[in-house]
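In this document, chain identifiers A, B, C and D correspond to the written order of the chains, with residue numbering beginning at 1 in each.
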Amino acid sequence: MKTERIPAGELLETGERVRFQIPTGHTVELYAEKTDVGNGIGYFDPDVDVLDGPGIRPIRMDHCLLYGGDIEGNLKLFTEVLGFTLVERVKLEDGKTDLAIWITCSAKAHDIAFVRSPEDGKLHHVSFQMPSWESVLRAADIMSINRVSIDIGPTRHGVTQGTTIYFFDPSGNRLETFCGGYDHYPDMHPITWSWENVGRGIFYHDRKLNDAFLSVVT
Amino acid sequence: MKTERIPAGELLETGERVRFQIPTGHTVELYAEKTDVGNGIGYFDPDVDVLDGPGIRPIRMDHCLLYGGDIEGNLKLFTEVLGFTLVERVKLEDGKTDLAIWITCSAKAHDIAFVRSPEDGKLHHVSFQMPSWESVLRAADIMSINRVSIDIGPTRHGVTQGTTIYFFDPSGNRLETFCGGYDHYPDMHPITWSWENVGRGIFYHDRKLNDAFLSVVT
Amino acid sequence: MKTERIPAGELLETGERVRFQIPTGHTVELYAEKTDVGNGIGYFDPDVDVLDGPGIRPIRMDHCLLYGGDIEGNLKLFTEVLGFTLVERVKLEDGKTDLAIWITCSAKAHDIAFVRSPEDGKLHHVSFQMPSWESVLRAADIMSINRVSIDIGPTRHGVTQGTTIYFFDPSGNRLETFCGGYDHYPDMHPITWSWENVGRGIFYHDRKLNDAFLSVVT
Amino acid sequence: MKTERIPAGELLETGERVRFQIPTGHTVELYAEKTDVGNGIGYFDPDVDVLDGPGIRPIRMDHCLLYGGDIEGNLKLFTEVLGFTLVERVKLEDGKTDLAIWITCSAKAHDIAFVRSPEDGKLHHVSFQMPSWESVLRAADIMSINRVSIDIGPTRHGVTQGTTIYFFDPSGNRLETFCGGYDHYPDMHPITWSWENVGRGIFYHDRKLNDAFLSVVT
């Protein structure tokens, strides 16, 4: 695998980066140093950070889902080289090949996910972390007040068991507000979903995939 | 309007009833006496009633929605004779005629609702009261665990601003788990929805009616 | 009982009032007309009212609790003349005399409450309605961020089963943020608490009264 | 540091353990192998695990808090040898010495905590993870229904910002139901609390320590 080193400072407040292409064609960059810009509440005798303004106000980015061909290659790279763990997978009709994989490098249920797709280098969605199911409802309300295009939700995922809304920004990119998902530890066995149950795995209440969700953004 | 008196005791633990047909063809019965069967927690030094078993466990019936032709007749009867108040209404394309009305005889946002329909005497759904948005999510999860057919939800209504799931029992009757809705007082002005916004009024997040919802049950 | 009529307009945007003193010495005013100043969301095709700013943002005033001597007189006046219903009561050690009564004129668990006290005309607290237990937590967080004096909470009442925080404004008046409480209907039997269980009745989790709570404000 | 190896199988379904005493005098055991006994929902096409029975039903053990003298020694051992990260700390009046430290080896806000104490080898509490603030309320209700002795709560911690109830089992051991806390990553700076703000750090709403909490269990 070819790697490229990008000097420190090329990206604002960021140390040297190592750039490489993963098997599904996406470009990934790793870095070890980033200037600390604070935690939002301060480091001394902090107060709790309550919701006190307009907008959805997610906590942080939670994960992203990428589309491409060689997701076996990605799984091997991320688990054997980058320290990720396989959390859940969906099988194709043959019961053997993976249609999708969810992997983590923390105790979150997923930090990144890949879905098999004929075209490489695609993005399905970027997801933002919400603190509670009630804050997911508020997010949906704010989307409707602003006539934001909602793909689906509020609902629950079977995969990770988190709660979710998928929606589109004005450029057509799919975004997600996501809450929860179980804690994952590296010694836990992965969960496997059959092709027959993929609908329930993705949208636990509707139990079927909707056409809008199957579109790939970029 | 013809009324009929049904003697006390004909319905178990219930006093004399007055039976009549309302303008949309539904049979309504009024009674003043019912044997007290308890409040579920006792009348002396009660404990709080927590969720401690399987099943959705709604608090009680919340309201029902009925279909029929003469909803103006119903509105007149319920508000002028039976003490109900008009809370919200949806207008037809002409901007004058009511497509639907929500009325209350308590401080709840609605106790009964009527939708104009070519056929009289129809039921759209019976709704059960839930204590919180989190309990609505649990209800949806229990429906999916039991493969119950969900019409739509969890979501929010624009009308009443309550949260909701519509689902079907095995006979095909539509039921609802409903939480919240604002408090209503008799001196509040009714809210009016235009034909163009009926989708957002009914399903605040999807902002359109779905085909399943438009079917009438019985 | 002596009544006094106050002409329309003496209080801004308010019709004629009838003023009288209730048996516990508090002055009460009734009026039938008030200029409509809106419902906060509009009367046509409204959007949902989400939390989008700083502060606790209660929905509205919920109830108040008053202290005085002749609470039997109040109970008689409010239930026999003003259309209230008795919802819950706490008995003194003798098991006969009421220490406190909670009464309602809506489907809320209480609209006003009275506690027996040697001095007439006192206020214990004014309470504001919150939409959810999560919003009660946010209220407590905001109080702490602003170093507001909290009496007790977040916790639950045994009486009404609502959730609560009591706190003090800078002048020393006790206020409450209150959520829930069961729906009450006029044909429900009142619930009675014994003297031995009053602690659990008032503060369901601590199961005892705290000194701060027993103080009377004004 | 003296270590002892305990053969596989001595503890049911557990591999070889390494046992040693940490500087505060507590005995710690490490093991790498444990028989998988399932995840509670199954590994294939699982359903969501909803609350469907009596009892508080925490998800799992979350953390424990231990008391002893040499917490600097513990901090050095856990961060330099065992891979933990310091998340928050409280300083004594001198502003230099640690009164308490919270450390993590996952993305949870803490996996273990230590408080300085004259006596070694003590336990303050064992904490169990709850899924939501609403489930913490239900836990408090169940404690009151069963007349379980509650130390404090439901309330929030300033440290970790999680929500909490402390309570005692019939033997007098302190337990906690805990929800949330922010996600922690190893590159985050620790948060420091001053002696003056320790009350708000521990109990964010009461802003003072209560006597019951200061007792050490064993």
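Methods note: a residue touches a chain if its C-beta (ideal position, glycine included) is under 8 Å from a C-beta of that chain, and two chains touch if they have at least 3 such contacts.
What you see is a predicted model, and the numbers here were worked out from it, not measured in a lab.
Colleague: Taking contacts as defined above, which has more of them, B-D or B-C?
Modeller: Looking at contacts between chains, B-C has the larger number.
Colleague: Answer with same or different: of all residue numbers used at the interface between subunit C and subunit D, are over half used by both copies?
Modeller: same
Colleague: Centre to centre, by mean C-alpha position, how many angstrom separate subunit B and subunit C?
Modeller: Computed value for the inter-centroid distance: 29 Å.
Colleague: Distance-wise, how many Å sit between the C-alpha centres of subunit C and subunit D, to the nearest whole number?
Modeller: Here subunit C and subunit D have centroids separated by 39 Å.
Colleague: Find the geometric centre of each of subunit B and subunit D from their Cα atoms only, then give the gap between the two centres in Å, rounded to an integer.
Modeller: So the centroids are 46 Å from each other.
Colleague: Specify, in ascending order, the residues of subunit A that touch 2 or more different other chains.
Modeller: Residue numbers touching two or more other chains: 47-48, 132-134, 141, 144, 156, 200, 204.
Colleague: Show which residues of subunit A lie in contact with subunit B when the two form their complex.
Modeller: Contacts found on subunit A: 133-134, 137, 140-141, 143-144, 147, 150, 153-156, 163, 165, 200, 204-207.
Colleague: What does subunit B use to touch subunit D in their complex?
Modeller: 47-48, 50-55, 132, 134, 138, 141-142, 144-145
Colleague: State the interface residues of subunit A toward subunit D in the complex, per the touch definition above.
Modeller: 34, 36, 39, 42-49, 59-60, 106-108, 129, 131-133, 156, 158, 161, 180, 182-183, 185, 187-194, 196-197, 200-201, 204
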